[in-house]
Every structure is written in structure tokens, then in C-alpha cells.
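Letters A, B, C and D name the chains as they come in the text, with residue numbers starting at 1 for each one.
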Amino acid sequence: MSKVFDAAEVAKHNSAESCWVVLYGKVYDVTDFLSSHPGGVKAILRLAGADATEEYDPIHPPGILEENLKPEALLGTIDPETLPKPAAGEQSQGEAEGPPPMESLFNLDEIEQVATKQVSRKAWAYYYSASDDLATKRFNTEVYRSILLRPRVFIDVAKCDLSTSVVGQKIGLPIFVAPAAMARLGHPAGEAGIAEACRSFGAMQVISNNASMSPEQIVENAAPDQVFGWQLYVQVDRKKSEAMLARINKLKAIKFIVLTLDAPVPGKREDDLRSDIIASIPASSRVVTKKEENQSDTLPDGTPVPKEGGGGVGAQLFAGTECSLTWKETLPWLAKHTDLPIILKGLQAHEDAYLASQFTPQVKGIILSNHGGRALDTAPPAIHTLLEIRKYCPEVLEKLEVWVDGGVRRGTDVVKALCLGARAVGIGRPALWGLGAGGVAGVHRTLEILAEETRTCMRLLGVEKVEDLGLQHINTRIVEQQIYDGPSQLGGLVSQLRAKL
Amino acid sequence: MSKVFDAAEVAKHNSAESCWVVLYGKVYDVTDFLSSHPGGVKAILRLAGADATEEYDPIHPPGILEENLKPEALLGTIDPETLPKPAAGEQSQGEAEGPPPMESLFNLDEIEQVATKQVSRKAWAYYYSASDDLATKRFNTEVYRSILLRPRVFIDVAKCDLSTSVVGQKIGLPIFVAPAAMARLGHPAGEAGIAEACRSFGAMQVISNNASMSPEQIVENAAPDQVFGWQLYVQVDRKKSEAMLARINKLKAIKFIVLTLDAPVPGKREDDLRSDIIASIPASSRVVTKKEENQSDTLPDGTPVPKEGGGGVGAQLFAGTECSLTWKETLPWLAKHTDLPIILKGLQAHEDAYLASQFTPQVKGIILSNHGGRALDTAPPAIHTLLEIRKYCPEVLEKLEVWVDGGVRRGTDVVKALCLGARAVGIGRPALWGLGAGGVAGVHRTLEILAEETRTCMRLLGVEKVEDLGLQHINTRIVEQQIYDGPSQLGGLVSQLRAKL
Amino acid sequence: MSKVFDAAEVAKHNSAESCWVVLYGKVYDVTDFLSSHPGGVKAILRLAGADATEEYDPIHPPGILEENLKPEALLGTIDPETLPKPAAGEQSQGEAEGPPPMESLFNLDEIEQVATKQVSRKAWAYYYSASDDLATKRFNTEVYRSILLRPRVFIDVAKCDLSTSVVGQKIGLPIFVAPAAMARLGHPAGEAGIAEACRSFGAMQVISNNASMSPEQIVENAAPDQVFGWQLYVQVDRKKSEAMLARINKLKAIKFIVLTLDAPVPGKREDDLRSDIIASIPASSRVVTKKEENQSDTLPDGTPVPKEGGGGVGAQLFAGTECSLTWKETLPWLAKHTDLPIILKGLQAHEDAYLASQFTPQVKGIILSNHGGRALDTAPPAIHTLLEIRKYCPEVLEKLEVWVDGGVRRGTDVVKALCLGARAVGIGRPALWGLGAGGVAGVHRTLEILAEETRTCMRLLGVEKVEDLGLQHINTRIVEQQIYDGPSQLGGLVSQLRAKL
Amino acid sequence: MSKVFDAAEVAKHNSAESCWVVLYGKVYDVTDFLSSHPGGVKAILRLAGADATEEYDPIHPPGILEENLKPEALLGTIDPETLPKPAAGEQSQGEAEGPPPMESLFNLDEIEQVATKQVSRKAWAYYYSASDDLATKRFNTEVYRSILLRPRVFIDVAKCDLSTSVVGQKIGLPIFVAPAAMARLGHPAGEAGIAEACRSFGAMQVISNNASMSPEQIVENAAPDQVFGWQLYVQVDRKKSEAMLARINKLKAIKFIVLTLDAPVPGKREDDLRSDIIASIPASSRVVTKKEENQSDTLPDGTPVPKEGGGGVGAQLFAGTECSLTWKETLPWLAKHTDLPIILKGLQAHEDAYLASQFTPQVKGIILSNHGGRALDTAPPAIHTLLEIRKYCPEVLEKLEVWVDGGVRRGTDVVKALCLGARAVGIGRPALWGLGAGGVAGVHRTLEILAEETRTCMRLLGVEKVEDLGLQHINTRIVEQQIYDGPSQLGGLVSQLRAKL
């Protein structure tokens, strides 16, 4: 174990036949591990024979290396003098000076602008990207602008209380941090930093299945009454998911499981793909072995393997995700492995909301979400789905908690969603931009701005408590002209489902 | 009193423990006054130990200093030689040369452009700013563009008369100057200058509660038949409001009270906030004492105290304003302290218009207003509320005078509002921009342009008198597709109100 | 008469007390004429004491000088050597080189771009300008874009015939040149040049009341079957209009009278006003006498006299126009002075179209027009009025010929108007831009492009003859959502009118 | 035949009286051929006396020269030394370096951008151009963006199959290459290159009547089950069309005939016209003979012959096309000359779709198309026509296969059209841009991107097979508000048609 390698020797092992990488100053032989890497073979081969620490670190939770490699894979240490010096500024777009004081930023757009300059191009591309032409991403925000508010007068607004409850837990804000992967790409404080910022507000956080820290680390410093959820992407290898659920069940801070359904296959996030391809071009030491080239270029179902690089951070995270979940099979399986309340995330049609309401009491709620516009472009914003539910099957709102996310940038957006019946409103990118802009302080500022804006809006509407917000406070006439008007499949689907069960 | 201080000595008293300021060449100890300053502690502390005249002067009515400080607070005079010289151009964006001749400006946009160059950045930010993304500010103007006119032919239009009447008073124009604070920020002629310009047109002016001149000064040179109103923000300390009403009751020129309801808490005007923070950064002599920092950073209701500077001019003006007015309490209180007709300002929902109509005869009218887009972003423009009243409770138009303001930039806008049943149409920012661009002559030009445009429009519609304008002269079909369509609470609210009374 | 003046002597007579001007090398004393100048006193005083030829020539028909001045007003001739040399490029924005070949221009926008560079700034401003924010001018064109066509297949389109007839006259194109004033501002060929271009196409031309050439000159070289109309603005001094009608009645080429109704007072054309004010500033020799300044600055009806210069070309042309025409008085008066068919121009509401249909057979047709957006901004485009007529009183289309103008830039626009029932489609600015771009050849190219585009469109719709175009060829669904939906005054107005007659 | 000419001698024969051209190093006397050139006299005269190879080659199929010229027209060869050297970069806008790797391009817009730089200006203008203001071209794409998708969850999407069938033929993709002329203008691989790319995907290709290669060449290397169609523009000289059909009938790879109906006359494609005029200006050796100038400048039906150059590539291709096709005559004639299934292309109104459905079984399908926006501007996109058919005569979808083309840029567009009932979705320009960007690899990448996007979209909708896509997967509410609502002529037209037959 005390063997010291120099970089030139490591560099020879740059193929699928013999693949070494340097991580945190140590040299590993990962040849045998290649085929079981969740992020795919290519993601490793691109770094074969080189120091992979900078790429590896922000997207892998600590400890996962030891979990996955056999002890004998560790060959020794690298002589750091022999490694090439990193080119200045290669990874970061950050300006030499740091970010401005967080309190000088007045809204979430400004925070995003600061973060854009602070984080690496790769992080920016992963966070910013959405599918195809970003139409749904834009529409997620615009739809809020087209709803008007109806302020009322002569109402005592001295008091205003933002607290509410979800799945039986009291929370300080109706705003939660939606599961968003890879926080450490943007800032070393990572998901634990988000948790720290949430603590001051009693805000709820849903931990991403693809967090760059372990759930234990994230909840480690939580307040006693702080509320977390954990997001599950079911893996093809169910045992892995079951093991993970067992770990989660032990964490008292985690109060519910969010099962993500809106991305059985990854959307086409071109900025993320592009960032990946750009990264892959200048690296002269990166190789693709002959053998790799000869591999079949279609998957069993005929899907072509993407030719370009690793397919971006997003595609790597998807590796191993199960794409054949069903109402009939998946929910019973999940219920067997956890007693926590289940929230289904990613519903985009009233039919699915209705179906979900047939699965109480295990299923306690749904999150209307289009995955931040990252799955299918021209998918409807959550507000559309919410209005669609109100039109076709309003009883769902009685049976389930309905949460929303996507496009929220202002307190008025939060209030509008609450008026339509949402129980809680999630922010994904804004939390990551906050983190990227200023670490814990940036997330804190993000929540502070949204909370203040929400409170100002409620008071100008003459409303003291979250539960008093209602349809009478908003004018949705413009949006209603866009809501689905076609055939509903409610009846048929339910009988079909029953027949199968 | 003849003691002469030099600036270095004054500069030592720059904390909450000992706070001196220089005003108009005199040195005051304001330590004891700090906590009762309506604009907040910080606004003074930022100028502690320094000459505050330039900041103080344009936003305080003359005489108010003497009213509020005890005689012993006056310590002596400053040796002017010892004061630092003001950096050239620090405050003003104005070009070296003055504005162009007012008669070379053809519309209100051009006047705003000239004013933007003439006034200080702080004044610009205070006047220009609106809440959040300025969506309502923009929509206020755009909604007029989406209404079409219906010109008629073969009608004798040799004569055209713009005069009308409000609350029983004859006025020369259906256009009035809405209450807009801090006119002296933009031009030394201040609110009295606006009054002078109004005189030539027989135009009505509503004096802001936060005027930078006293009401007595403003009406001093009024014509005998000139009509003024006075705007009231009810203070937490009701005695102050009562004392002010007693003063107003004595001024014969003031014919009615406008009670502002649309801003119980200040909106988030980022340009104004930003201007404040920018101003606070370069001032090396400005300090925040340790004690200040230790103060609680939430208000009793949990509202966080804004961290950034003083919160802009707008937030300072709001200090001390009562946010718990109600139909039940406030109107009887007000009626006890004045016999003047009451106009309620800031109604944005038909329910509130209907409720107001239950309070005749004390309440004579309402102003549909969203505070120039400065309170709640995505609130509806006054035209929406007017169409909503027509849809749900048109009888309100019989019982109350309905005035509007917000977004008016063209004579055609004025005519459209009148066609929909508005009795008078207010301009806020345009009067301030006129003043900023050219003082009295600028306001005069503003009113002249609007009056001429209004007259041209009426003649091309074939209408001689204001009262002959009607629904047949406009096509509102596009706007009607956006009007609130949801549940009305007319019935319930009125019974609820009756029960309480 | 042989007396020769030098410029310095003329320059002394630069006031209302003694006002001389130089025109075509001759010196005139126009002091006595000042008050009767149709374009107003100021327009002359601005040129007092100077050579006015360049400004006078393009906007006055030849011979009008002699008609209006007494013989003794001619004082002598100017010594040309003593006149100041014109500054290069003062008047023209034209590039040194001339315009490109007309056949290299493919559409009307390109022709406008070329003309913009070729003509003087004053001409550009007069032609380009429209009222206020140019919203109606833009909307005139956009409304055509929002109508879709419905091409049909398997129809023999070998033949296509653009000829049609109006007021019983056969014409070669359904496209006519609408009355547009001051053609010689743009090109010396003037209105006669437009007539020459029309001749090749059998196109109809309506001669403006404010043409820069006399009607006799314009029709002088007309083809035997060429069709002209003459536009009448009724003058306050009816005798002048009657004399003019007597002249028109004698011209066999003129087949009808167009009575303009949509501009009883001038709209606010800011580009034109601005051009005027710019022109007035640098001229050091231009004066306004003390006496002038003391004149009342309101008209009898209270309209303020515009302070700025002469009010643009447009306002000068309006001087003397009657603004009190009525159905009851004006039509009988006109019928007494001409036997020609009458076309009423400028109708913008279905009520007026219906009223017009009560005045057959004298009134043969109406032109739906908003004066090219030059009268009232946010007035409806002609297509709106046409759809409004179809909605409320389609029988009008049986009783009257309905023509339209405004915003036409493509052959598809022409076809769309014809499909909706228009009998002929007018172009105003495009003819002037054509003239400005290339004189006769430019107008010819303009008509050629429109005719070719119209023919291509008709053939792709599968239509051979103008009269076969119909509602089945267009999809107006988007526009129909904007058509007036309010109260119609048809019944009431007709009875009211009958009562008065 | 061995005679060698030098360029100076050839240059003398540059008129309609004696017209020589150099092609592929040989000198031809084409004087007698001039009047029968399908592309018009001028197209040849512009190159008279010069080497025409560069212009001729990419737009003429090989072998056509020999077919059309008599043997004695070949005079000899040119001495290449005597020809002028081509100016560098005259034809191509291409950058010195070639295109980027195709796999670095992620969407069709990026491929178009690369192609724009790679191809000659003439090719760009011909491919890019659309009629008038390109409104329909833009609308073709935008209409897809305004349709929303309705993703479903909890559906097993492990499998996804893009194969489908048309006219009884199995194809690998529901995406086909629409007939688009002149592929060799963009890349020497030409239409055969497109065929090669299609082969990998089992994609269908419709060969343009105006292909720059012969049908035999294009299908030469086809896979046994590869499907082609052939597009017919009926020629005025029917014998030519009949001869061509006889050739087509012999090619087993061609499975159907597409009869194009949407362009009986060419649309006005200004970019193409402009490219032509630009090309014609600098060529000093190009002449138009006196005789040519004296030719009549109108066609028998009165259409003016375009003055400007040859009218662009588009207009040249149209020469000789029959514009008097009818239901009654043309279909029986066509059925006499081929037994292949007939597809009618270019239908844009439900009435024509209905009429087509009366001509089964010869007519098997229709292509809803506006010719890529190249025929009539403001014509409806295919999606409009499809919705119109669903509204007025949905039974057409049972009787005929309905294909669409125009504006498709994303897999989501493909899916939306399929959901509405389209059987196949064509791409025209994207195939040509692919070819221009990277030859065969560029077309391959284009199809690969679309196929992958289509598959991702289907899986996120929870759909495994093309035939399972339906109305429940899309929200067309916005578009439905724009669909034709006017009088349908179904009944009348059919009886009219029957009467004629």
C-alpha cells in the first residue's frame, strides 16, 4: 500500500483492458468495476489513466468509493509532483473576486445571475439545462405571470403567519426545497448546507436520490422538528433500492418518501450534453478503447446508445434507473419496504392524479411537476395540471395533499399556487443557485426573499393564514383558456386498473 | 446657541449612543429623538456625525424639524469651511445643460425621458420603481392599448368641453393629479409647483400624506375655485392623524379626504431599495453601532426587519402607518374627525367597491387603483376592476363616483376610462416627471398635452361633452376576455359586514 | 416690375408688419395676405424676409400664387447672387448615388426603405407619421397577417383576371391609389406621375384635396378610359369648395367625389410635428413678431393654438377645414353642387355604414378607413369595421360599394379584403413611397408588385375572377374574437336621423 | 469532334442568334435548344458564351444533356488554359475549415446553422426561402410549440417501437423525407446520399420531380425493403410526364406516386429571387439580346413575365408545369399511366380532403402541406388542416392515410402530428440542411436526432407503439381557437364534382 506511482506510469493504464484512476492522491485499478459503474463505462474511461478527483468529488457522496471497490483495487499513492498542473480557470467561470453580499441581492433572478458567474461551467450546465428548447422551463414561470391577484382592503393585516403542515408535520413555510441533485457541484457546502439554511425557517427539504452527500450527512445537524423527505428513483437492481430504503427508515428526520415518476427516461438537456462534449474535447489523455467502439450501439429495446461523450451529468445519474414502474407492481413493493408516507412526484395529467387518489392511505400526496422542464419539452406546468384536476376531478384535492413545483420565482407565485389548492410549493433550481451564489448564506437569502415576498403578498390580499387563501384571491381567466378540454379517461382507466390489481 | 463646531468634532457623534447631525448649517443632538423618527433609526444613523441637509431637505416639509425636536437639541452652528466639499455630480444624473424647451416635448414618454436625465438617481428610483418585476406597472398602460376606439362621422365637433364635476365641485379637466409623495425630490418647486400648473387648467390635485411641503404651503396660492383633496394614511399613533385632520379641516381649498387602502404594507420596489443600498455603500462615515446590530431583527408579528439599509424612500415613508384598518372601525373614526366627503382609494375587487357603496353618504366615491403598480405585482389594472364592477354590481356606478388612476399616458386613455364610467382619471408619475423635467412649466406641459389629446380624441369620436362618452365609443372585447370570472362574494361579505357593525 | 432687390433688403421685411418673401426669383409683399393664408400665419412668418421657394414649391399647386395674390404684391426680382448658398444636404437624406433599379426591389417594404433614403426628412416625416404611438398604423398591417388563407387544389388556374368595376366604371385592378396629399414633397413628378403609372394598369386614382398639383394637371395625360375620383375636404368658406366642385365637374376623367369624414380635426402626428420643430430651430432669420405672440392662444371653442411652429405639414393642410359636417346638412349641399356619385370616406363603425346606406342613390359607396392611422390612435382597422358590418348589418354590402384602405402591403392583403366583400382596396403611403423611391417607375413597380402578388394569391386559392372571392377562402377566426360586441345603436340613430331630416 | 476552341471564340456566341456554352470541358451550340429549355431562355442566355458547368451541374441529373441535345450540337472541346480562373470564394460561404463532427450537433437548428455556412449562397437561398414574409414558414413550426403534451406515469416504457406502415409498406420510422428539389446544390452526394442515410433507419423517401439526380441513380443502392415514392409535377407537355411515369413504373423500389397540387404556380420566394439577381449583376459577360428584350412581356393569360433575371431556382424549376389540373381530368389520366397508389400532396382545406376521399381506391392518401410555406404566405399549417378535417369530416381519416409535412423540428412535433391522426410526418428542409452540413452523415444525424427525440417523447407519454398515440396525449386547446369556423362547402362541392364526372 505504500507504493508510490508517478503519473506517466498511471497514464499507460488508460483502456478498458487496464483502467487506473487517481482519486484523492491514491491510485486505483478500476478495470473490474467498469461494467458495474452506475454512470456508465464511458464516464470512467474518459478519465482513465489520469487524476479524476476534480470530476469525481462533487458528484459522489463520501464513502461510496470504499463501498464499491474491493480493497485490492487500491494500488498505492501518486507522486503529486508528477501530475500536470491544472490550467488556471479551466473549470470555473467565477470572477476572481467572490460574490457580492447576499443582502444586496433582491430577488431570485439576481441570485441566479451571481451563481452563474460563481459556479463551474459544468455545474451551470447541469443546473440550468432543461429539455429541448426550454419551452416548458420558460412556461413554468410565465404561467404565474398570467394569473392576476385580487387584493382586498380594510382588513387588519397586522399579523401574518406562513406556517402550515404537510403529511401531519408542522412546517414554518409553505415553501420547500424540491429534490435537486448534485448540490456539491455548485458549492462544497452541498445538500447539508441547504439543510442548514432550511433550519432557520422551519422549511422542509426533499433529499435527492442523487444527492452528492449521504442522507445521514445531510440530516446530521437538523433541528429536532426539522422535516425532510427522501426522493426515490427505483433502481433496476431492486436490492440496491431496498438497501437504501432500509437506511432511510432508520433516519428519524426523514418523514416521507417521494417516488419520482416523471422521468422514467432522461429528457434531452442540450446544455448539459453540450457541456459534457466540450469537456471531453480538449483532454488529450482521454481515450476510447477499440473494444468500447465495437460494443453494440443499441440497447436491448433498440434505443441507440448516445454517441456523444457520457451524455451529460443528467444522463449519467439516470444510469440504472428502472423505467418500467407500474401502479400495480411498484406501490405494493414500496409499501413492503417502508412505513413512511408516500408522495408521488411528477404527475402531469388529471387521470394520474385521480388514480393516485385510489391508493390512499399509503399514498398521502402527489407533487404536480414536470421535472423543472427537464423531462419532456412542451409538457404542461404544474398550474395547468392543478386547474385540470379542479375541472375534471376536484375530489382529489380532498383525498390527497397536492404539492407543486417548477418555475416559482416570486412570493406571488407561491401564493397563487396555494390559492389554487396546493399544500406546499417547491423550489429546485433556486435553492441550487442560492447555494452556488453564496453557500449557506445564499440559500438562506433565497428562502428569506421568498418568505418575505409571500408574506407581503398575503397581507396585501388581506389574508392572515395560509389556509385562508382561496380561489377568490386570484383571477385565472387567461390560463383557463389553455386547459385541456379533450376526452378524459377517468372511468376507463380506473376499471382497467382495478381489473389488473 | 452661538457655539460654532467644526466638522471633525461633529463626526465623533456618529452612533446611537451619541448622534449629532448638521442641518441647514446648524448642529443638532438627535440621540433622544432616534427611536421616535417615523422613518426609522437607521435612516438617521446613516447620516450620524455628518451634514444631512442634502438628504433631509427634499423629503421633509419645512417646519417639521422644529415641531419634533426639543429646543435644547440645537447645539450650535457648524463652521462651513470644515465640511467636506461635495463631489461634483454625486447626486444628479442631470446633464450639464438644462432640459430642452417644454414645448418641444410632444408626449408624456418624452417628458419622462427628459426628467430621467434631470433628476437625481434617488428621485428617479423612487418615482420609477414599482413592485417586483413591474408587471402591473406595465400592464396598467398596456391595457389601455388593447381597448379600441369607435370614431363616428358627420357630427358637428366645432365645440368640445372638458369640464366636469366631482364631489359636487366643478373642475376644468376630467384629469387630476393623484397623490404622489416627495415632489421636492424631483424639483424644488415641489407640490406647490404642481398646484400652480393645475390652476391654469382648473385641474384637481390630491395632496399626498407624504408631501414634501405642508398642505398650507401647497394651497397657499390656489385660485378661489381650485379644487384639492388630501390623502390620509392613518398612523398607528391615531392622535397624529387626528391632529392632521384638524389642520386639513381648516383649509377651505381642500374639498375631500382620500383614504388610501391599497398599501397597508409597502410593496417591494426594488429600484428604490437598490438606490438606497447604492447610496449607503460609498459613505465611509456612515456607521451602524454595535447596539443597533444587537436589536431584534424581527417585528412583533414575525416580519423580519429588512437588512438592507433603510429600505428605500418608500419604506421610510411607510414607517408608522397603520396596517389594521377595517370597514367597521376606521370609517366611523374618520367621520368623527372630519365632515369632508370621503373617497376610498385603492379598491381592486368588485366586492370592495360594493362594500364601499354601503357606506354612503359619508363615502362619496372610490378610486380604483393599484398604487401605480407599487404595492402588489400582478394586481389588476383599474380598468379591470371597473369592468369587474360593471359585470358583477353595476349599481355601484350609480351610488358612488368611481375614479381611476394608473398607467394613463395618452388622452385616448383618459377617454377610454371615461367611456367605461370613470368620473375622473388620475395621473401620478406623469405629474412628477413633468415637475422633474421642467418644474411648473413641465407639469403645465404635461396637463396641456393630455388635455389636447383628450379633446382631439373626443372630437374624433364625435362627442362634445364628457358626460356623453359611453360604452358605444369603445371596443373592450379583448380586455373582457381577461376579467375575473370566479366566485363573487358579494352576498356573504355584506351580511358578514352587517353582522359586525 | 423690373426692380431688382438684394437679399439683405428683403431680409428686413421679416415681420407681420411687413412681410416679404422670395418665390421663384421674384419678390412678393405678402403682408396683406398673411391672415388669409390657409396654412396659417406662422407658416409664412417663419420664412419672412427669405427665399421661400424650396419650402413653398413642393406643397403648392402651380398657379395658386397668382390666384391668391393681388398683382401689386409682386415687387420685383431678387438678385440671385445675393442669396445665401444652400448648405449641402440640408434638405435631403438621399445618398449621393440614386436609388437602385426598381426591378431589384421585390416588395413594398423594400420600396419604403429606398424612399426613406431618397426623400427629404420633411417628406419622410409627413408620409411616415401617424397619430400618437402609431398603434393603429401598425395594427392596420398586422390585422391582415392574422387572417389565414384557404388555398384549394385541382382547379384550373391558367387564367386569372384582376379587372373589376367601381361606381359603374371598369378598372384594371381592384387596387386604387387612395387620396394622399403632397406628392411633390417626395418627387417632382408628383400626382401626375402617379397618374402616369396607374395608366399602365388601368388602376384608379383618387386625387387628394391637398394635392401638390392641380386636378387639371393630374388628369391631363390620362388614358381615355382611366378612372379618377376627387377627394373633398369641405372648407369653412363653402364658396371655395363650391368653386372647386365646379372645376371638378368639368373634368371628364373624374368619375366620383370622395367626401372625407374621418379627420374633422387633425390627428396628432408627432413625427410630422417634430420635423417641423426641427426645421424651425436652426433658421436664425426666422422670427415671430411681438404682435403674433400677443394673439390669443385659444380658438373660440377653447382649443389651444399649438405653440410649436406650424404644427407640421399635416396641421397646415387642415387649416380652413370645416369640422361641423352633418348627415342632414352636408349631403344635400354637396348633391346641389355636383351630379357625380358620392363616396363617403373614413367610416369606422357599423352604425355609420348603416346610416350611409340610407342616403342612396346619391351616395354610391363608402371607404372604410382610419386615415392610415393618422387621425385617432387605437381606432380600428378597416377590416374590423368590415367584419362589424357583416355582423350587425350585412345588408349594407348589398346597397353600397364598400372600399377599404390602410395597411395594405401584400397581394394577399388585397385578396383578404376582397374576400370579405370589399369592392376595391386602396393604397396611400405605398404610392407615395413608390414615387419617392423612383418617380413614375417607382409607382409602376409598386403597382406591378401588388398586382402580381394578388394574381398569384388568387390562383393559389383557385379563383379566376375577383367577384368569385368569398368568405370560404379565408379564416378570420382570430380577428373575429376582437370585433365589437357592445351595444349597437342602429335603430335609434336612424329614427333620430329621420326626425332631423 | 476533336476540335479545340479557345474561350475568346466561344465568348462571341453569346446571343439568342448564336448561343454556345461550355459544359464539362465540351463546347455545345444550344441555339436551337433555347426555346425548349424547361428552365426558360434567359437561364441559358445568362451563361451564353461562357463555361456554364458550375451552374449547370448541381441542378441537372446526369445524362439529361445527351437526352436533350442532338449529337451535332457538340462542337468540340475547350482549351482549359484559356478559361478565366474562378474568383476564390465566389460561390461558397463555407468556412475554410469543414463542418464540426455531426455528433456534436444536438438538434436540427444547429444542423441548419452549420449548413448555412457550408453551402453556397445560391443553395442557401433556394432551401431557406419561402413566400413573401415567411409568415407561414414560421407558423408551421410555432403551431407545434403551442400544442402541449400530456405525459403519463407508472407505465412500463422499457420498450418503444417507431415502426409503422404506409400504403401497405412497413417502414422503420413514422418520419419520411418529403420531396425537396435540388439536393446536389447543397452537397454532391445529392438525393442518393439522402437515400443512403434513410436506409439505416428504414425511413421512407419521396423523390422530387426536380431531383438533381435521376430516379434510377437515387434508388440504385437501396435496401431490398427500402420504400420510395416519386413526386409528380404534371408537365404541360403530357408526353413528357407519361414517359417519366413509364420509367418510374419500372423501378420496384418506388411504391407510390405523390401528385403535387399545392403549387400550380410558383410562390414568391424573395430570398431565392434575390440570390438570382445578385448572381446576375457582377457577371459582365452575361447579356440579354435585343431580340429577347423585344419579346412580349406578358404570357397569354396576362401574367407579366418577371423582369428580374431568371426568377430564382424555384421559378426555373416551375417552367413547363401544368397549372390547370382538375379532379375530373387529371386523376383518370394518371390512373391510366400507373398502377401505383396515388398520394395527393398539398391539401389545405377540409373540403379538398373530403373530395380526395371520394377517389379511393386509386387515391390512397393525402399529404397536408403548404409546400413548406413556399407557395402562399399566410396559408394554414398542416396541423390546422388536420384539425379542420377532424372538425368537419373526421371520416376522411378512416378512408385515407393522412400525412403531414412542414415545420417539423423536434421529435415532440412528430408525436403531436401522430396523436392527431397523421400516419407519417415529412421533413423537407431538414433533410437538405443535413445533407448540406455533412453529406450522408448529416442526413443520418438528422434522422437519428429526430428518431431519438420521438422515442423519448413516446416513452415519457407512456406509449410503446406509434398506433397507440391519440388525442388523449395532447392539449390542442390554444390551436383549436384558431381553426376555421366559416361556411363549409362539403355538400355543394361533392354534388358539383359528381355532376362533372
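Just so it is clear, a contact is a pair of C-beta atoms (placed from the backbone, for glycine too) under 8 Å apart; a residue touches a chain by one contact, two chains touch by 3 or more.
Since the model is a prediction, treat every value here as computed from it, not as a measurement.
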item	value
Smallest number of contact steps required from subunit A to reach subunit C	2
For subunit A and subunit B, chains touching each	none
Interface sides of subunit B and subunit C: same vs different residues, half threshold	different
Subunit B and subunit D, separation of their C-alpha mean positions in angstrom	64
CA centroid of subunit A to CA centroid of subunit D, Å	45
Residues within subunit D bordering two or more other chains	481
Chains that touch, pairwise	A-B, A-D, B-C, C-D
Of subunit A, residues touching subunit B in the complex	103-104, 106-107, 144-145, 147-161, 410, 412, 448, 452-453, 455-457, 459-461, 471-472, 474-478, 480-481
Footprint of subunit B on subunit C - complex, ascending	132-133, 135, 261-268, 270, 273-274, 277, 301-304, 307-308, 323-327, 330, 344, 346-349, 351-352, 355, 370, 375-380, 384, 481-487, 489
